[in-house]
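The structures come next, written out as structure tokens.
You will see two complexes here that share chain A, one where it goes with chain B and one where it goes with chain C.
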Partner chain A sequence: MDILLLLESALNGALVGLMYSLVAMGIVLIYKSSSVPNLAQGAMVMLAGYVILAFANQLHLPIWAAIPLGIVTMFVIGIGIERVALRRLAGRPIIMILMMTLGIEIFLRAGSMTIWGGTSRPLPIGISDSPLFLGPLLINRAYAVGAGVAVVMFVLLVLFFRTRIGVVLRAISDDYTAAWSVGISVERGVALSWAISAVVATIAAVLWGSVQGVDQSLALLLLKGVTVAVLGGLDSIGGALLAGILLGIVEGTASVVLDPLLGGASRELVDAAMLILTIMLRPHGLFGRHDIERV
Partner chain B sequence: MLFRQAGILHTNYAQDRALFPIPADRWMIGGLLLLAATAPLYLNSLYLSSYLLPWLVWTAAALGLNLILGWAGQFHLGYAAVMGIGAYAAVHAQRAGVPWEIAIVLAGLTAAVIGSVFAFAALRVKGLYLALSTLALQFVMDWTISHVPAISGGTQATLQAPDIRLLGQAVTSDAGLYYVALVWCVLVTTFMLNLRRTALGRALVAVREKDYAAAVIGVNSFYFKLVAFATSSFIAGVSGAVLIGTFYHAVTPEQFSVDVSIQALAMVIVGGLGSIIGSYFGAGFILLMPGAMNSFISWLTGLFGFSLGIETLAHLPHALYGALIIGFLLLEPLGLGKIYGNVRDYLLVWPFGYVKK
Partner chain C sequence: MAAITEAKAGNILTLNNVEVVYDYVSLAIKGVSLAVPQGGMVALLGANGAGKSTTLKSISGLLAAERGEVRRGEVAFQGQPINALMPQDRVRLGIAHVLEGRRVFEHLTPDENLIAASAVRSRHDAARNKDRVYSYFPRLFERRGSAAGYLSGGEQQMLAIGRALMTQPKLLMLDEPSLGLAPFLVAEIFQILSRINREDGLSVLLVEQNAIAALEIVSHGYLIESGRIVMHDTAEALKRNPDIQEFYLGGAENKNFRDIKHYRRRKRWLT
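== the complex of A and B ==
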């Protein structure tokens, strides 16, 4: 086994993993504030990609104008999803809530394909294809940019949680009944967290769309996002970042080692195995809060 | 009305505990069974083999999922994978020369053994984490089925299923296949109806409501979760085998992908958690909805004289299907079964509605 090849795929894997953690951060944000596991996050990424393309191609706006417009649109859509679909389900059994997010997933995925069609289309954001060398290691420039943006988003979120609104969100995630009793509007906070998570999904859509084009496969990022979110701990944003790097490295190296042995497509297997192992060994993840269940 | 409860006095416990204590229900069930048994006489073979037959098999499968989801309260996102295990086991057993009657039992047992692996996830975690681990197991199963040539017969392969032979007689006519599906569906329904009044059924409900509380009153919640997973996997495996034998006649990995799992979940949710009649409604609704929606859309476009792109037409039923799940969860979380129950409750005392509280 070529050690350089292994190192190279580990490094690129880590960068891809940081891009996964963008999807995971959206899931974590919603889970933190309302304990809703958002299985529609992948579909939200996909919808965001189509929305940006609609601004760029149908209204002929330059891409730097289409992206902010897409962010604003998704912000509103995020609030709308929470208001219409999830607020009425608060306090219902987890089966109902999971099924609701699955229903939203199907609706958003099929809905955006109904409107815009399912063929893959490019989303160029002006990252050059020329290779980037770090010593002898070849790095994909798009992945490097994506990883950088993911880290920036993480820092922005950390700073956001230090503002007044961020403190409100933290209070809600800590104990929503207590937050309620001191006069915090929990509904508004949860809606805000959906909106922010839709914005994070938009950023993920820009980066992933520039890498692999905008089509249905963006919705498949859900499995990666969920794996990263669970591995990092469902209520820890920093955990999502580190778990993204970890999953990326494992996936990158495992695909180099396992693909020749298993005949390809071992990435999905590695993801699923990581998810199962995390849940079996450490359900609350690396940095998540350990839940105590009361009868 | 037909459902008159007044004047029906049960004088012993056996009458009181009967499956259908109200005569109107018994008449209705008898009538429906008669209609189902004579369906080949008055339905043409298209309706019989492409609507009624898959509806019956999927109802049996949905009932199995309802056992785990509605009765035991355990989330299962990998149900289609378990059906696939049964389907592949049956086809391989048949190709090895095992008679079909034994092959489907083998299919059920294989599915029950592998499906119980899901129960060990349920031992460790519950709720959300159980849902996610069953989802991951679905992906592992998909991958294994499509990447192990000994199971799928090579990548991208379609494995032809041999004809069903019952007691040495090949069953190939539409009516014959329909009766196979009908018998299986009636068997599962009878089992589920009786489950309600057994110790097992009550223990499952106790585990569903709160597993710790069930443990406190002496119900071994892990044992019953295991039994629930094994039983529902058995039903899933046989249903998968029957589905392949009577409907698809060939087996590919895509028939049991994660989308199919979600479709089965949608049947149970739309039909109603823990409702048997609801599973019939849910399976019928989810199976027939895309076709009905397509003809409705084409009727609409014809009416207003506009045309839709081929891609729009392909994805629109899917979007509506998602919207339906959302709508049901918002408006009637207990599904079509609950709507049926409301109508029935109303008719039971009609026209004396005031006797209800």
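== the complex of A and C ==
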């Protein structure tokens, strides 16, 4: 076994993992502010990719104008999803809300197929293909940029949850009724969390779109996002970051070791194993909060 | 008629024949009328399931969260009907509701609990209100950094009241604040409530099963049974009333438990 190859895979895996964290952070964000696990996060990433492409290709805007416009559009779409689909479910059993997010996921994927078709479109953002060198190790430049952006988003979100409005969102997730009783507009809080989550999805869309192009397969990032979010503990932004790195490293090295033996699908197997084992062995994930029980 | 209008002028809160249904069918309160005078302290007493909490929720607007609605009657705050307002608008008007079972934001610190409760007030007011809450409850200040879920029951109740005070209420409604607390804590919390009522003129509507403690600090009391107000009098008169003594003050010393139960059941059938 080539130790350098293994190291290189681990390092690039960690960077890809940070890009998974970006998807997971969107899931965590909504969960942290309304206790809803959003199964449409992958589809929101995909939709954001198409929205940016629409601005860039149909309106012929430069990419650096299309991205901010995409962010604004997705912010509004996030608010709209809450208003149209979720507000009427406030206070209903969580399983109905979960099924609703699954419905949104399917709707967005099918809708995008109808409007834009299924062919993959490139989303170039001007990152060169030439790798970075770290000693003897080759690093994918796009992954390195993506990982850097993920870390910046992490810092911003952590700071956000310490602000007054961030504290209000955490209060909503703790107890809807108590939040209402002190004058918090629960509906607006939840709408804001969907909007911010949609913005995070847009940033993920730019980075993933530049790596693999924009098509319906972007929605499959949900699987990575859910795995990372659950492993990190669903309500911990820091947990999502570290779990992303962990999953990326395990995935990267496992593919080097197992791919020759299994013939290709080992990444997905590793993801599935991580998700299932987390739920079996550590349902609160690495950093998730437990329900507080006083003794 | 003139007497009613006159009384209305001095009341911060009036309920007029309020009827509440849950899920469109089950009738929870059947025509409750009550009034809280401006700056007064009033108790709403009654057994489990009598409709005390529902009455409070009809005032704070939290019925909607449980698919309940006021089907008939009027809730008026400072003379204005508020039936149609959202909970947050009622909070902005000055109605605060301390929920039964404390319901603090468990994963937030006491400090964050208070900040979250200042959503309808300005940042400047929030800072001032927080200082005031900590001056009433110094123990909260000592524990301001640890998760509220780990506070003791008494501390959580203080936090729940402090959180309500952060909204700058004119009317403070408390649902069973003595529930599960040691008697000395109940006394401490009730003393602070009296103090706030005295010093700031805050009107208080206190829902309690613990009638002994409640009647010590309020001026008037209502007794609710099966969704109806069955008695209204001054606290002194209520304390002397033989039925109240029997049911709520544990005054029946010379009867055994079985007799009391039988008597109560018979009494309920008769009313």
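Observations, loosely collected:
Quick note on the criterion: the second predicted complex is superposed on the first by the 289 of 295 C-alpha atoms of A that agree within 3 Å, B and C clash if a C-alpha of one lies under 4 Å from a C-alpha of the other, contacts with A are read in each partner's own complex, and residues count from 1 in each chain.
Simple rule for what comes next: contacts are C-beta pairs under 8 Å (C-beta built on N, C-alpha and C of every residue); 3 or more make two chains touch, one makes a residue touch a chain.
What you are looking at is a predicted structure, and each value in this text was computed from that prediction instead of being measured.
In this overlay on chain A, chain B fits alongside chain C without clashing.
After superposing the two complexes on chain A, the angle subtended at the C-alpha centre of chain A by the centres of chain B and chain C comes to 80 degrees, rounded to the nearest 10.
By the document's definition of touching, of the two partners only chain B reaches A:Arg88; chain C does not. In the superposition on chain A, contact of A:Met113 is made with chain B only, not with chain C. Annotation for chain A, partner touching more residues between chain B and chain C: B. Applying the stated contact rule after C-alpha superposition, one finds that A:Thr177 touches chain C and leaves chain B untouched. In the superposed pair of complexes, A:Met99 makes contact with chain B only, with no contact to chain C.
Applying the stated contact rule after C-alpha superposition, one finds that A:Leu286 touches neither chain B nor chain C. After overlaying the two complexes on the shared chain, residue contacts for A:Leu262 are found with chain B alone; chain C is out of touch. In the superposed model, A:Ile79 lies in contact with neither chain B nor chain C.
Minimum Cα-Cα distance between chain B and chain C in the superposed model: 10 Å. Chain A has no residue lying at the interface with chain B in one structure and with chain C in the other. Those residues of chain A that touch chain B in the shared complex are 37, 85, 88-89, 92-96, 98-100, 102-111, 113-115, 117-119, 223, 226-227, 230, 234, 262-263, 265, 268-269, 271-273, 275-276, 279-280, 283, 293, 295. Contact residues on chain A toward chain C in their complex (touch as defined above): 91, 164, 167-168, 170-171, 174-185, 289, 291-292, 294.
Those residues of chain B whose C-beta lies close enough to touch chain A in the complex are 69, 73, 75, 121, 124-125, 127-129, 131-133, 135-137, 139-140, 143, 147, 155, 210, 212-213, 216, 262, 265-266, 269, 273, 309, 311-312, 314-316, 318-319, 321-326, 329-330, 333.
Taken together, the chain C residues at the contact with chain A in this complex read 60-62, 65-67, 86-88, 91-92, 96-99, 103-108, 112-113, 115-120, 123, 126, 147, 149-150, 152, 163-164, 166-167.
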